[in-house]
Amino acid sequence: MKSSETRRAAPGTAYLGFARLDLDRKERQGVPEVVYGEGKSAARIVSILKALKSARQEPLIVTRLDAEKAEECAKAFGDEFFYSGEASFGRVGKCAPAEGTCGRIAVACGGTSDLPVAEEAALTAEALGNEVVRLYDIGVAALHRIAQCEDELRSASVVVAVAGMEGALASVIGGLVRSPVVAVPTSVGYGASFGGLAALLAMLNSCAAGVCTVNIDNGFGAGFLASRINHMRERK
Amino acid sequence: MKSSETRRAAPGTAYLGFARLDLDRKERQGVPEVVYGEGKSAARIVSILKALKSARQEPLIVTRLDAEKAEECAKAFGDEFFYSGEASFGRVGKCAPAEGTCGRIAVACGGTSDLPVAEEAALTAEALGNEVVRLYDIGVAALHRIAQCEDELRSASVVVAVAGMEGALASVIGGLVRSPVVAVPTSVGYGASFGGLAALLAMLNSCAAGVCTVNIDNGFGAGFLASRINHMRERK
Amino acid sequence: MKSSETRRAAPGTAYLGFARLDLDRKERQGVPEVVYGEGKSAARIVSILKALKSARQEPLIVTRLDAEKAEECAKAFGDEFFYSGEASFGRVGKCAPAEGTCGRIAVACGGTSDLPVAEEAALTAEALGNEVVRLYDIGVAALHRIAQCEDELRSASVVVAVAGMEGALASVIGGLVRSPVVAVPTSVGYGASFGGLAALLAMLNSCAAGVCTVNIDNGFGAGFLASRINHMRERK
Amino acid sequence: MKSSETRRAAPGTAYLGFARLDLDRKERQGVPEVVYGEGKSAARIVSILKALKSARQEPLIVTRLDAEKAEECAKAFGDEFFYSGEASFGRVGKCAPAEGTCGRIAVACGGTSDLPVAEEAALTAEALGNEVVRLYDIGVAALHRIAQCEDELRSASVVVAVAGMEGALASVIGGLVRSPVVAVPTSVGYGASFGGLAALLAMLNSCAAGVCTVNIDNGFGAGFLASRINHMRERK
Amino acid sequence: MKSSETRRAAPGTAYLGFARLDLDRKERQGVPEVVYGEGKSAARIVSILKALKSARQEPLIVTRLDAEKAEECAKAFGDEFFYSGEASFGRVGKCAPAEGTCGRIAVACGGTSDLPVAEEAALTAEALGNEVVRLYDIGVAALHRIAQCEDELRSASVVVAVAGMEGALASVIGGLVRSPVVAVPTSVGYGASFGGLAALLAMLNSCAAGVCTVNIDNGFGAGFLASRINHMRERK
Amino acid sequence: MKSSETRRAAPGTAYLGFARLDLDRKERQGVPEVVYGEGKSAARIVSILKALKSARQEPLIVTRLDAEKAEECAKAFGDEFFYSGEASFGRVGKCAPAEGTCGRIAVACGGTSDLPVAEEAALTAEALGNEVVRLYDIGVAALHRIAQCEDELRSASVVVAVAGMEGALASVIGGLVRSPVVAVPTSVGYGASFGGLAALLAMLNSCAAGVCTVNIDNGFGAGFLASRINHMRERK
Amino acid sequence: MKSSETRRAAPGTAYLGFARLDLDRKERQGVPEVVYGEGKSAARIVSILKALKSARQEPLIVTRLDAEKAEECAKAFGDEFFYSGEASFGRVGKCAPAEGTCGRIAVACGGTSDLPVAEEAALTAEALGNEVVRLYDIGVAALHRIAQCEDELRSASVVVAVAGMEGALASVIGGLVRSPVVAVPTSVGYGASFGGLAALLAMLNSCAAGVCTVNIDNGFGAGFLASRINHMRERK
Amino acid sequence: MKSSETRRAAPGTAYLGFARLDLDRKERQGVPEVVYGEGKSAARIVSILKALKSARQEPLIVTRLDAEKAEECAKAFGDEFFYSGEASFGRVGKCAPAEGTCGRIAVACGGTSDLPVAEEAALTAEALGNEVVRLYDIGVAALHRIAQCEDELRSASVVVAVAGMEGALASVIGGLVRSPVVAVPTSVGYGASFGGLAALLAMLNSCAAGVCTVNIDNGFGAGFLASRINHMRERK
């Protein structure tokens, strides 16, 4: 990079030459800056994590982190580093305690192919201090599987509904529970699923009230929002 | 039109100057030619119906027929003419008898706004000689409404599932029954329903096997296909 | 409709011939069934409202209700009926009390053309028992207008962000607050806004965490969800 | 996965830690659960098949199974395992007997590139107990090829029409036969075929009545539905 | 308009204040400038026609000309003006003579709703000096109607194939003839025809060689191109 | 609206109950706030204009202003109000003087149907203090019309290129001049123009460097940007 | 494949087990069946070519043939086989003689990246018996390059215009010549070219009359059609 | 290639057999022809560069140049060759001097993943003779990062705003500055970003005036246009 770039880092930020870090986001918004691992080298990820860690911004989350880069993080942070290969999810530092929240977050998904996205949501919510109950492979093609989980769905304070293909799970759950439902379309499917578009549109058009939607495959976003909602009690 | 046009009508067809009618489709394919009413004048519709009637191609169906044109048909055919304003559906001649079919056809729909399309399907199936059971306003936002109809859904030989918005009804029914399910997306909805595209994509991506899809708002096509399937017994 | 239709109404439902009403949704999900006014005749709307009212499902909300139909409702329910022409929103019965909620809901919008959708959200939230603060016409083209409202945005328990065109308001607010943000894209714009698609995609791709999205122009859905979130305290 | 997940398997289901199997779907819907091979490891596929086999849910179908995983299945099930590389299709157990059906299923396709999808349909139908006649490479660019097969098309009880590019085969066959036609668009083509979208839209808009459509490349779904239709006689 | 505009008209052009006419296009490209009637006032259309007529650019064609504007043209040009309401097509001056061309142009269409577009093509070709044979309502849902016209299709020098819905007519004709086929998708249809997109994509993906496509509903463009092709003999 | 709304107007803004005006945008960004007339009542438009005028934010521009509302503005502002019906463009106050700019702005358009958009661009630029040369109806179907204007195109300091249909004008001009080219796609066309999408994509993909694009039909935006560029000299 | 397939080959066709060849297409339509090489193994391609060659269907064209498969063809047919790596184009047998045609075919392209598609068109036309003049890299960003070729464009009997990005070349050439123009959009470009969609839409919306379009990257189709047009003289 | 191609090179052009170079574009348009590296072999790139260099068309820019091809260029041009791997950008010859321009160009980007596109813009502008200030990783999710750079943004003569995901950066900057803003959407994102479409639409619909847009990932185009604008002073 050239000498003409702005190197000055204002108070509360750090400038690493390739990134401008927000060092007091935890104070300002309750959660530290989260690192999007895709397209960043392992070395850059490690240096960002170190800078944020020095500013006591824990726990730190890295999403879309492949196994190879995760190994570099493991070398750098040792036992402090947790990694889930299925969810491509890394964490530095302990999960925040789940005290004082409204209740448990249920993460449900339609099929086994939705697991990586569902786990990203679940691990994010756990890292941010929530108890999570996983209800996996309960797609609408066999409604009695949802029926089996009805109690756990109803007793959750927030439900994250993860589904690909036709994304009907969100509407069916939305009609059962009285808590907020965060729907996550996944890119699972082929042909006219158009990379998750079918599920996305279905969720946006849900006939059940109380359902909102995040981006395709955005398990992180859903877990993050569910955590914010689950922490409403605390804020008052 | 010019003198250069082909006026010759081969055997089995009639050429009216603006249309080339198929006078033996009933013999060839079991059902007479059906008249698509949109964009045709009342006068042309009446003359087509008369030509087909002369060739004993009854019962005759006219779809997308507005009230004004229906009045002209009523004048021309008197008591032989039946009209449903809700479904914009006209019929000349009696419904074919429902004997010898595999069973009853269930026509289900998600909400009251889907009624015109559902009725088009039901009236088509009745005209073609089928007993029809209507199960309306049983959308997935309140699963117990579907549960109430479960027996009637399971005992039907074919199910037509009509739904707009997210179109989840097709998948939920597909998971309950063992008969073929013909899904009809409707243009009911707004915003990201994109004129029925959301429901269409959802139905094409249904995670339940045994579901097929017809065009958006194509109640006629679904009733027609359901009738063909319900007449399988007869054909052997 | 034909004699073959299912007239039986199971316990907890009422069958009006054209609609199958959910009479205990308030008990089951906390909020009565909401009536979507578009495509229903005034007479049908009034009869649905009467049936639900008899089952003590108040307050009742009717969305997308035009002025003419509203007049019929006013005749039928007198002083119990409230109507906002700007939001095409009707209500039978008093707003639920706003006690015991987590705090106030802020409804922000980008421009004056977004007002109908923003008001639909605000009136819905008020009907369901929430205190609402309106922050209108604070689009990102003049950031100091957002800055003026920063305190009210930060102190709200939930923020509904309504915007058309490029929909940047959701991301900017998402970066300022620590509460959940419900984004509502509107169809305000022309050309490449493609009926709200541009704003919808922008909101789904928001770089700010804690943002979720509902359908284009779905002010009702956003107000409903915001209310659910704001009532989290109560549920524990 | 975490200890917080729901391990309880209700009656009729088995929970394998990553999947929740439906052990009595054959009893409930006539056909066992089908395994979608894409995105599952060979080990997981084998363990799912074993669990379903123990519950006597044969014959078992695995779709989108690549050659490498098929080898693992062959090791696990020996002679009981059948595999077609062209169709990426696996089967455990014998095909169901084709007795008592309405007749033969014809599987037609437009070009040689459509063969994998056509074979998936044919093998699925055979596994589920149907006699299948294959009519391949009879695209509309040379109508006399269709003419050669006209007798076999007309005498079939159901026709599966598989085609990519402009998908005209479905309409042409739909105009010839009096049996139900299940259309399968394929992703064969380039440029403005947009991954099968052109064929999908063409099939949905077929001017021939009696045609329904399944997802792009969904040979399995078409074979499954055709089998259901062909078994109508049995059900009465 | 302001005084700053460029009024200078270079040789071979005329500047009317709102339009810059090409006065020698007939000499340069064989055919005079054609007037697109939509969005122009009757007065402007008449003044353009008069200017072109003064420059002996006959016959003059006006497309998308509604009945009201046509009346003004009739007043201005009397017997020299021809108008077809069905095709919204006007012409000033006699059709060019059809001598010396390669043969006859066949204009075929799928259904009666495609007539306005087919007629626009036929009238354009006739105006530009071609003999035209019309083969209307020969859609692929009844192949024997095409068979009846096979001789006329095969003997034509160019075929214009006009069809909406799934647009299969172009491929079927393309497989029968050895002359160039100009395909015109129409916006006839509903739902997933998306205003003619389905037919357009089908025609672009035609499996028959020798087929090219023009814009949706562009009967003029097809007739114009067919005429150019039919005049190839002359040019040598 | 409710009493809960924020009425406080911070310094430099005015709150009218339905709009939050930016009273010092002229000081901050050089140009006063512009009023988007669509969807605002005449009364609201007049009151916004009066408030901005009081703050000496002249000249004031109203875009997408229909004739009826323009009449109300004319009543309110008398001779100070200018209106162009073709461009649906209103202005209060005199055009800013065109002194000190880099040169003249050329506004070119492809056909007469593009005139409303081209005029919106031209009138905007004139209001903001620029000399404008109009080069209309110079579409690429007759290159010699562009050739006639080549000198005026080359001598302009900025060129605004307005075109619908295939939008080729921008690329052709971009290859001729050395000044910045602002391309405006218009919704002129039909069928596969998809409301201006074809022209928009063409302009975004221009093979000529130095071309940028604004929204479909956004003549105002192009005129505004062209003015900013033409005032570069002044700013140094 | 199964024993149930139809092996019977009617007169004029050959059934190879995986393909149904049209052995008298040359007689029927003037040109032998063309082999689409993508997705076929080298062995299958060779056996198809041999079967067609035995039926004296020369010259044989194979499109989308990669270098590896071409080597197998070279082994099988020796000197009779011609291959162009740039165009992925193979030919068995000599080019047909170019006698008796209307004139020369000009193949023009916008940039060097369009060369593979342009060459596919040129080689196809040459194989089918046409003289071809190549005018490459004459994109509209530098109009004087087109001007240099104006004579050759004007004197050609048919022009094939190949371009990616914004596809303006077709319109510019369409405005210069009086012969038919076959436009070929290419997938050259990135971002909002959307795989050639931008160029395709531009060409379909060309403001120049006499232009038709084939599928994206379909050089073969354009060369084939141009040849058909260029042979018009012969046919009379 | 064949002997039939046009080898004649008119004055001011060079024909290399595969490319037709514009040797006096620098004189005509101020900047030499730029080489698009994708899809060209290293050998061809080098020969093009040599031909242009011989015609004194420096500095020469090569975009989308991968590291391997860059090495060949380095061998051919030695010290005269500059390469940035991050931006895939090559340059032969020194940057033009930045004298006489209107001021500095600011290149801002939203996140670190946008760096390759931002650098392409910055390096292009520097090569063409501009001083560039880089303001990277200032996305709207943390407005105070933009605030830190506000002075540098306001003092720039042109701003290039590079952003993926929801692309809000362009609108926020557009509301802050009074200089022209060139927005560059990037393909950074996943799911409903649809390869940069979300950012592109957002930027085209920016509610801030004075913003224009170039193609997705087109850093070069933005840098080029910004340079043209920044050289306005010089031109007068």
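Letters A, B, C, D, E, F, G and H name the chains as they come in the text, with residue numbers starting at 1 for each one.
Heads up, the rule we're going with is that a contact is a pair of C-beta atoms (placed from the backbone, for glycine too) under 8 Å apart; a residue touches a chain by one contact, two chains touch by 3 or more.
Keep in mind it's a predicted model, so treat the numbers as computed, not measured.
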item	value
Joint neighbours of chain E and chain B, given as chain labels	D
Chain D and chain A - chains in contact with each	B
Required minimum of steps from chain A to chain G, each step between chains that touch	2
Most distant chain from chain E, judged by the mean position of its C-alpha atoms	A
Label of the chain whose CA centroid is most distant from the centroid of chain B	H
Between A-C and D-G, the pair with more C-beta contacts	A-C
Proportion of interface numbers common to chain C and chain H (over half same, under half different)	same
CA centroid of chain G to CA centroid of chain H, Å	35
Whole-Å gap between the CA centroids of chain D and chain E	45
Separation of chain D from chain H, taking each centre as the mean of its C-alpha atoms, in whole Å	50
Junction residues of chain G, two or more chains touched	111, 142, 191-193, 197, 200, 204-205, 209, 215
In contact (per the touch rule at the top): chain pairs	A-B, A-C, A-D, A-H, B-C, B-D, B-E, C-F, C-H, D-E, D-G, E-F, E-G, F-G, F-H, G-H
Footprint of chain H on chain G - complex, ascending	111-113, 115, 119, 122, 126, 131-138, 142, 144-145, 148-149, 152, 188, 190-193
Sites on chain E touched by chain G in the complex	28-31, 34, 102-103, 157, 177-180, 182, 200, 204-205, 209-215, 220-222, 224-225, 228-230, 232-233, 235-236
Of chain G, residues touching chain F in the complex	110-111, 139-143, 165-168, 170-172, 174-176, 189, 191-194, 197-199, 201-209
Partner chain E, residues of chain B touching it in the complex	1-2, 4-6, 8, 10, 12-13, 18-20, 22, 25, 36, 38-40, 44, 185, 187, 195-197, 200, 215-218
